[in-house]
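Below is one structure, written out as structure tokens; the observations come after it.
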Amino acid sequence: MTAAMVLDVGLALLVVAVAVWIVAAGSAFAAVVGFVSFGLLLALAWARLAAVDVALTEAAIGSGVTGALLMTAASRLRPTESRSAGERPGAFLHVVAAVLAVLVSAGLAALVLIPASPAPSLAPAAAVHLPELDVLNPVTAVLMAYRAVDTLLEKIVLLLALIGVWSLAPDRFWGGAPGLWPRSRPDGELTLLARLLPPIGIVVGIYILWVGAIAPGGAFQGGAILAAMWLLIMIAGLRPVPEIHRQWLRLVLVVGPAVFLTVGFAGFFLPNGFLSYPAQFTKPLIIVIEVVLTLSIAAILGLLVAGPPERERQR
Amino acid sequence: MRVLFDSFTVLAVSAGAVFFLAGTVGLLRFPDSLSRLHALTKADNLGLGLVVLGLLPQATGPLVALKLITVWLLAQLAGAIVTQLVARAVRRENQEA
Amino acid sequence: MAEFLIAAAGFVLAMVALGLARILRGPGDADRMMAAQLLGTGGIAALLLLAAGTDVPAAVDAALTLALLAAFVAVAFVNNAPRTDAAERRATDG
Amino acid sequence: MNAATLYGLCSAALVGLGLFGAIVHPQPLRKILAFNLLGGGVFLQFGVIARRGAAAGMGGDPVPQAMVITGIVVAFSATALAVTLLLRLYQVSGSATLSIETQSSSESDGGGR
Amino acid sequence: MLAIAVPAAGVVLAMALGGRQAERIALAAASAGLCIALAIAANIWQSRTPIAYHLGGWAPPLGIALRADGLSAIMAVTTAVVICAIGLFARQGFSVPEGAQEARAPMVFWTLLMGVWAGLNAVWFGADLFTLYVALELLTFGAVPLVSLDGRAETLAAALRYLLFALLGSAMYLLGVALFYGAYGTLDIALLSGLVRAEPVVWVAVALMTAGLIAKTALFPLHLWLPPAHAGAPAAASALLSALVVKGSFVLIVRIWFDTIPSLLNQAAAQMLAALGAAAIVFGSVLALRQERLKLLIAYSTIAQIGYLFFLFPLASAPLRVASGTTELWTGVAWTGGVLQLVSHAVAKAAMFMAAGLIAEALGHDRIAGLGGIARVLPMTVFAFGLGGMSLMGLPPSGGFVAKAMLLMAAVAEGQWWWSVVILAGGLLAAGYVFRVLTPALAATDAPLTLRTPVSSGRQGVVLALAICALLLGLVPLRPSLLLEVGRHIPTTVIAR
């Protein structure tokens, strides 16, 4: 047993233990605190699986932003917990669910233990085309070139989710500003943090975006960091939460997918069709798309956390 | 030279690990929230600080070293302010209760 | 050297994992949050050690991200926890 | 037993736990949390497959890794939408359970549009 | 590709310009989308070969292909027609009020309408299992907010329940995707069909994916989310959800069973799916009979009608047992019947939900007991409802009749007579619930009905036109069936465009 092996065993056990706690915890808030740790541990696991791009995403989105979102929800919903305790499902459902869960887990575990050999991989194929794309990070190449349409459709998913969140506002607040944690009481320390942290965070976010072409990083990770910094500034009250009818806000939200789509349509004039890049401009185009996508992702993620409009629109 | 760097790393990282141990023991053993907070900050500041210090000789370039220091500074900044906020929260909680 | 760094990462992780018992015991949410914070710092340290020990330099970036967002999550906690925390205390006392 | 197999077993356990939690928890928020566990397990499965596909000087197959990044973002937006729905439900009805239509449909069935 | 990109661009533009523009963009995109769908269908009709398109010039397995075969073409045209009708129908309900720059419901409705459409087209044309996952999520994120558009507590609860079901379903599906990739290193359906072997990983993957998709399709017993969700949404949205969105996940099951693992089709599993379908027909119809509200009745009937679709699995895959020329013919009949059921239910159900919407708008309620004499006031609407109902019952000459007759004949010819009993019983039950509505509606009443709001004849006309489409489908069943054969178990030829 090497040190690495011990570390892996410990980490895997820890992940499962925290997961058990999340399912079994007495209060939702305690479960959410567990979830934040869960995300952190998963990020470590991803690093151990040599998937640093994913570790970055998990650290930023899976643990950080999702954790903050769920924490707010858990604390707002706390009054309902004692009431719904009475309607626990019966033993029968527990047994059925347990049997089902054990079956699925056992099936998966069995499959994990008998892997396909040799393990199939597209890594060599992805590597072959990296020089023509002039992008050194294979994950970025997959997201922006080989499987670009998935990334594009996913941007549309994000926009739909945002519209969905906004749609939950009462009619009279449409166009107004999201509520964003109305309980927050900005005090000295919070304001200080919101003044000091974002400059560093923004530099880091831009760095992560920029490094995405050559090393792990990219639009999603950079965007999530920027979103968190923006939220921090808004929570501390240093900048107001924007009203959702603002034209500039709408433009920022769509500029990423719009540029992506435009480049995609432009591909029709090229031999390879939709979403292909002209050979000599591949790298600059990918970088331009990544930059605007980062802006849009940051805005969308931030507003998804901020929630539906809760204030009337200012005339 | 290499040996010197490496032994420095071993020393600093081990010391950092000890502070993490201390932080955990404190978190588990101390009787009330505020003293537990005290234990936590020791681990935060010194444990991570020593680990970063120990890793600096191993850094492959100035950028990596810069990032290591930034990580520590961030943890300092966030730790200091968050500790304040949590402490205030705990106090408020005690007053209300 | 690599072996030592990985072992150190494992040790730090094991230490902060013990702290997770605080998440289980509570009693207040502030205590739970502290345990999560400690795990966060420990996780960052472990990630840094792994980055150096297993030659995955980009893991430092992941540590950077974690450090940034740990602060963000803590702010979310402070914004939401205190009032309800007291309420919970009262509920369990009374 | 290598690291990939180990995390594969971990992923299997997460999927089972998430599934169990999503079925038995009466509170929607806990269901959402369980869904995130399940998602974590599914993504980890991709990670294990990617790790096994390490080749061409890469630590893992980039294609499944890219899929996980897409998946994490989708799971986040799902969580955001579900949480907002839940908070709004609580705001409107003062309760946060899914059994609401059985209680209130009889009172308000004239209001159907 | 254009078929997906145009509505997607619509979402982006509508979001950017907002206000009154959203509606105009949606309608423009709808007409463009209809033309594209027709062009694709015509192309396939003429060439008799499926079209494959490699995005960005990257060929699978590394890249992603889109593939248009007969099934995709028919579904795309159906989608375009129904969405155009819904768009025309919804113009009145979802226009921005005078004096306002932008209002919540119209903005949300028009944007999501296009989002759902992009998702549907991505489902019809996608040839990569992960792209199909993203497409499924597009559908979910588009559909859920439509359910809770009116913001009442019960629709919020219905939307949340729908979302949770859908999320669990897609997580299961995604897990299956992971297993497929882990075993064969590709997610392209055509490539996979050449690689799959009868081994445990395939069974687990297909079981997980099918279970997940069944939850999204609302097949019995995972149907609990559907009635409150579909009944609670505004009429135009219900039409969209019931007619098209549930079909997306169904077509995915078909893609997995018939296109991804055609050589491994398992009769026992297919029989089990059909048994669930049969149970859905019986339970859905019986529950529909007991509903007091019109929209809930229609929603429960959706569950029943979805049940028929699952007969496709045993009936269209029978040649595994009898490899003679005649069975080949009958599986073809079953295939056509199944897809025709898909299309005719889409059109008929959209018409019925919109008719119910008009009735509810006119009366201010949709209690079946209070429908007396409505046919006098809204003759076109009630007529449209009746025509749609004919298709559900399977009365000639509707599309539903031909579909059910074909399934019935295939069941008898393949010696699976037990399904024919269910099909006949389902028709009778459907007659029961349709007449439960029509009888009071057509009855003469003494007191003249007073309408709360007048209903424009234009909107009634749209609904009636759609219902007539459902009827006419019965008259042209053979032509689409030729189109349908395109791309069925035939290796793809790549056409570079």
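Order of writing sets the chain letters: A, B, C, D and E. Residues in each chain are counted from 1.
Quick note on the criterion: a contact is a pair of C-beta atoms (placed from the backbone, for glycine too) under 8 Å apart; a residue touches a chain by one contact, two chains touch by 3 or more.
Predicted, not measured: the structure shown is a model, and the values here were computed from it.
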Intersection of contact partners for subunit B and subunit E: A
Number of hops, subunit C to subunit D, where each hop joins two touching chains: 2
Where subunit A and subunit B overlap in contact partners, by chain label: C
Chain whose mean Cα position lies farthest from subunit C: E
Most central chain, judged by mean C-alpha position against the global CA mean: D
Of all other chains, the one whose Cα centre sits farthest from subunit B: E
Whole-Å gap separating subunit A and subunit D, where each centre is the average of the chain's CA atoms: 13
Whole-Å separation of chain centres (CA-atom averages), subunit A against subunit E: 31
Intercentroid distance (Cα basis), subunit E paired with subunit C, Å: 47
Approximate Å spacing (C-alpha centroids) for the pair subunit D, subunit E: 25
Contacts with two or more other chains, residues of subunit D listed in rising order: 15, 18-19, 32, 45, 48-49, 52-53, 59, 63, 67, 70, 74, 77-78, 81, 85-86, 88, 97, 99
Residues within subunit C bordering two or more other chains: 33, 35, 56-57, 61, 64, 68, 70-71, 75, 77-78, 81, 83
Where subunit E touches two or more other chains, by residue: 62, 130, 134, 137, 141, 144-145, 148, 151, 156, 175, 179, 181-182, 185
Chain pairs that touch, as defined at the top of this document: A-B, A-C, A-D, A-E, B-C, D-E
Parts of subunit A lying in touch with subunit B, wherever the complex brings them together: 187, 189-190, 192-193, 196-197, 200, 204
Parts of subunit B lying in touch with subunit A, wherever the complex brings them together: 70, 73-74, 77-78, 81-82, 84-85, 88
Parts of subunit D lying in touch with subunit A, wherever the complex brings them together: 3-21, 23-27, 29-30, 32-34, 36-37, 40, 43-45, 47-63, 65-70, 72-81, 83-88, 90, 95-97, 99
In the complex with subunit B, residue positions of subunit C that touch it: 1, 4-5, 8, 11-12, 15-16, 18-19, 21-22, 28, 30-31, 33-35, 37-38, 41-42, 44-45, 48-49, 52, 57, 60-61, 63-64, 67-68, 70-71, 74-75, 77-78, 81-83, 85-86, 89-90, 93
In the complex with subunit E, residue positions of subunit D that touch it: 15, 18-19, 22, 28, 31-32, 35, 38-39, 41-42, 45-46, 48-49, 52-53, 63-64, 67, 70-71, 74, 77-78, 81-82, 85-86, 88-89, 92-93, 97-101, 104-105, 108-113
